[in-house]
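Before I ask anything, here is the structure I am working with.
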């Protein structure tokens, strides 16, 4: 029974959103607003039960929470978890205009935390290792010592592509003369990249539509059509 | 500023003492160094780049000017505004979907200020629908300032900069409606964009508007490039903003990042040369030498 | 010159109908296409194959229902492969809505196709954790600080396959199926590059191209979109012929995918013909 | 006070997480571990804040009878029902001790029946817009746009079996022009090169922004002084 019900609600909501293709209308607005409400509550609930309860409440009030988180059973309270609890609650002061300035403290922790996490990791994974992965031989030989033209060409495209792309994003030099030519090449490489991204994005959107059509098909076939 | 840093350092040392060394017991026997030597090269680069970037920011703040290359899209701005005036049609400016905590939105505000100055002189109407209320207040202030400095405070219309909706597609549908009704002669999409990029660009295209876009969100760039007359690619958005506003923070970091790119280019060239030599000669000495020479990028 | 005029005036709703038909019709008539794995996908298959039976695998479903049509087939294929090889799979997610996806995979694939596999010994649901990179970072240092219990509330120490784990390094490989941020990129930056743990996975076709620079040094392989999933399915059917009788979602959906790609390419070409004709006309004037 | 304390918090958090990255043990490492754990916990409160904001905005709209206020009622009903069902684990077969999203529970029903179709169809709509934009907006206006469109078409055809049909007849010595081969080559080499140039640029941008934030040069995220 519940499966059939899901199938029908699913189909109704899908058609409501698709009706936007004809034009903006009351059905679409209904579905859109329902989505906003349900998703916000869903995220809150999952965040609360899967993270806050075991990782914060269970550690602060083990005996109180042992009914809902067996982990907490018999553990001692870890009071240093008051720090994130206070910061978390301060974040909520944003909802009250008079106290909103206090939420900056928690915001400062989040923003500072992201900056601290990101700096060494982007430098390591997205700068150092990327530069290192681009250091490839421009002449590739097979085990017998014969030159592999195709592979060498591919390596050349990679190295030239990265360098020309970087030159295009270099703002301290005017783009004329040789720099101009190199950056011109860079922009062509970027355009091929964007073309690939374009093709992939189209592919992605179509796949999602196929998924939806598939579930509409299940609904139709459940009615014997 | 310096006082705050100093105070923070003191607090940091205090915290150090507050948190007991949980790992001290387990690792006491293992004579491991407390510093992760595998990450020494990253550490060196962090120090070097930090120094370079902070130096440039400080230099820019103290009034030193730096050269920034011409950004091609910027010259077309004046042409677009002129065209709108000639046709007696309005101009649409979309500052992206993110709030003021996104650097792209801040860059977009600088560009809006520049655009508003030109518009004030040309007497055309400017529409700025926004998705966040904070962005609305920032945009109003920016545009008002520009009209004041252009000597045309009378022409400033506050109501043309307004909040629409926080919901992504509701906002998009509304902007779509504005384009279809008002038929702007020029559309600017500068800032942070998501999936709506192609919907906006297509609608603008269908009314024959001249379109200039710019975003540092790589997945949306293809759609802007394919459907707009001019697109600022990625960092060009920040460069354009720094170029116009001469804002020391942006200018300084841009310069510092350029140094980083130069380092990358030089090392890639050296690395490729050494690797090619190694492949062609099979010489042991070359590979040993390249290990030292490329230590920073090991 | 009435042709370009007509081209220009074409109502967009006609295009909408065209695209709907190009997806719906092939779903009905079900054309079949042979596919084969490209090296970047084959690498994932080979890694799964080469791990000794009983290896612990972390499968992170970092996506929600909005992109499930692209990523669900990958999850199903990976689970089918992993369990057939005798690996032990820990399901996890960095997305709150990924929790529903984990339930779907456990219910529809693991319990339905492998009824003899036991929860806690052969597979486990570690649930959702917030914080993205921050959460991964804590899991690198101390897994049980971040995940003291599984999604059902049972202590990790009470689950045979998780009892001995101390950090992410106790997993033989991390597989992330990603729809964006946080996802595969964070797993590479916060776990793979730091702990030397092999990372691989799949992405929606929107995020996959951005992750290519990590291959092969920082990432074993990646499946890009539905096509990547279909390649993995074909590798699986080649290696395990008994899977051929199962429904392979991505392979079936390649039919509508092919037809709509052709339609879109034709639309781009047609649109540009109209544009070129018009431009020629205005130059002549 | 309102300005300086946040700056100090940012500095300390940022510094601990950067330095902790290079340190394997000792008090700094402990601090690093704890901050990392706290960070994840505080981000959960952001979801709660999101929910709170939603209530605030929509209640105000309803109270003022603003435009479309009836739809705000829809949002509020959807929000409240999901919240109550989830928070009190109503309809969960396992009761209080069960997983929050248990199979057969009411929350899973809401997820399957309401959340999934709405989220999935919102994104599926984009397929239609992409098709319409392909026809009406994507023009080979410049040399750059032409390169982009050609590459996109090669990918679109080459990444599906149709590519093999179209060019499969090519002789072996021209097999590199076979659409699937060409598409794979584009992905592996020029695409990687371009993405890598962008990635290196973004990495440097992240480093610069992080430094400006940690050293208190960038304060926009704190908003204006009241």
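Labels for the chains are A, B, C and D, by order of writing; each one numbers its residues from 1.
As a working rule, a contact is a pair of C-beta atoms (placed from the backbone, for glycine too) under 8 Å apart; a residue touches a chain by one contact, two chains touch by 3 or more.
Since we're looking at a predicted model, the values are computed, not measured.
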Neighbouring chains shared between chain A and chain B, ordered by label: C, D
Remotest chain, chain A as reference, centres from CA atoms: B
Dominant interface by contact count, named by its two chains: A-D
Whole-Å separation of chain centres (CA-atom averages), chain C against chain D: 15
Whole-Å separation of chain centres (CA-atom averages), chain A against chain D: 3
Separation of chain B from chain C, taking each centre as the mean of its C-alpha atoms, in whole Å: 30
Gap in Å, rounded to a whole number, between the CA centres of chain C and chain A: 14
Residues within chain C bordering two or more other chains: 16, 19-20, 23, 66-69, 96-97, 99, 127, 129-131, 134, 137, 146, 151, 153, 206, 209-210, 213, 224, 227, 257, 260-261, 264
Touching two or more other chains - residues of chain D: 7, 11-12, 15-16, 18, 21-22, 33-34, 36-37, 39-41, 43-44, 47, 97, 100-101, 111-112, 115-116, 119-120, 122-123, 126-128, 130, 132, 134, 136-139, 144-145, 148-149, 152-153, 156, 159, 187-188, 191-192, 195-196, 198-202, 204, 207, 209, 211, 221, 223
Multi-partner residues of chain A (each touching 2 or more other chains): 21, 32, 36, 39, 42-43, 46-47, 50-51, 55, 68, 70, 111, 113, 117-127, 130-134, 159, 162, 166, 168-169, 190-191, 193-198, 200-203, 206, 208-209, 211-212
Residue ranges of chain D touching chain C (in the complex, touch as defined): 32-33, 36-37, 39-41, 43-44, 47, 94, 97-103, 108, 111-112, 115-116, 119-120, 122-123, 127-128, 130-132, 134-140, 149, 152-153, 156-157, 159-162, 184, 187-188, 191-192, 195-196, 199
Residues of chain B that touch chain C when the two form their complex: 218-219
Complex contacts: residues of chain C adjacent to chain A: 13, 16, 19-20, 23-24, 27-28, 66-70, 96-97, 99, 127-131, 133-134, 137, 146, 148-149, 151, 153-155, 188-190, 193-194, 204-206, 208-210, 213-214, 217-218, 224-227, 253, 256-257, 260-261, 264
Parts of chain D lying in touch with chain A, wherever the complex brings them together: 2, 5-7, 9-18, 21-22, 34-54, 56, 68, 71-72, 74-83, 86-87, 89, 96-97, 100-101, 107, 109-128, 130, 134, 144-145, 147-156, 159, 176, 185-204, 206-207, 209-211, 213-214, 221-223, 226
Chain B partner contacts - residues on chain A that touch it in the complex: 24, 32, 36, 111, 119-120, 123-124, 127-128, 131-132, 134-141, 159, 162-163, 166-175, 190-191, 194-195, 197-198, 201
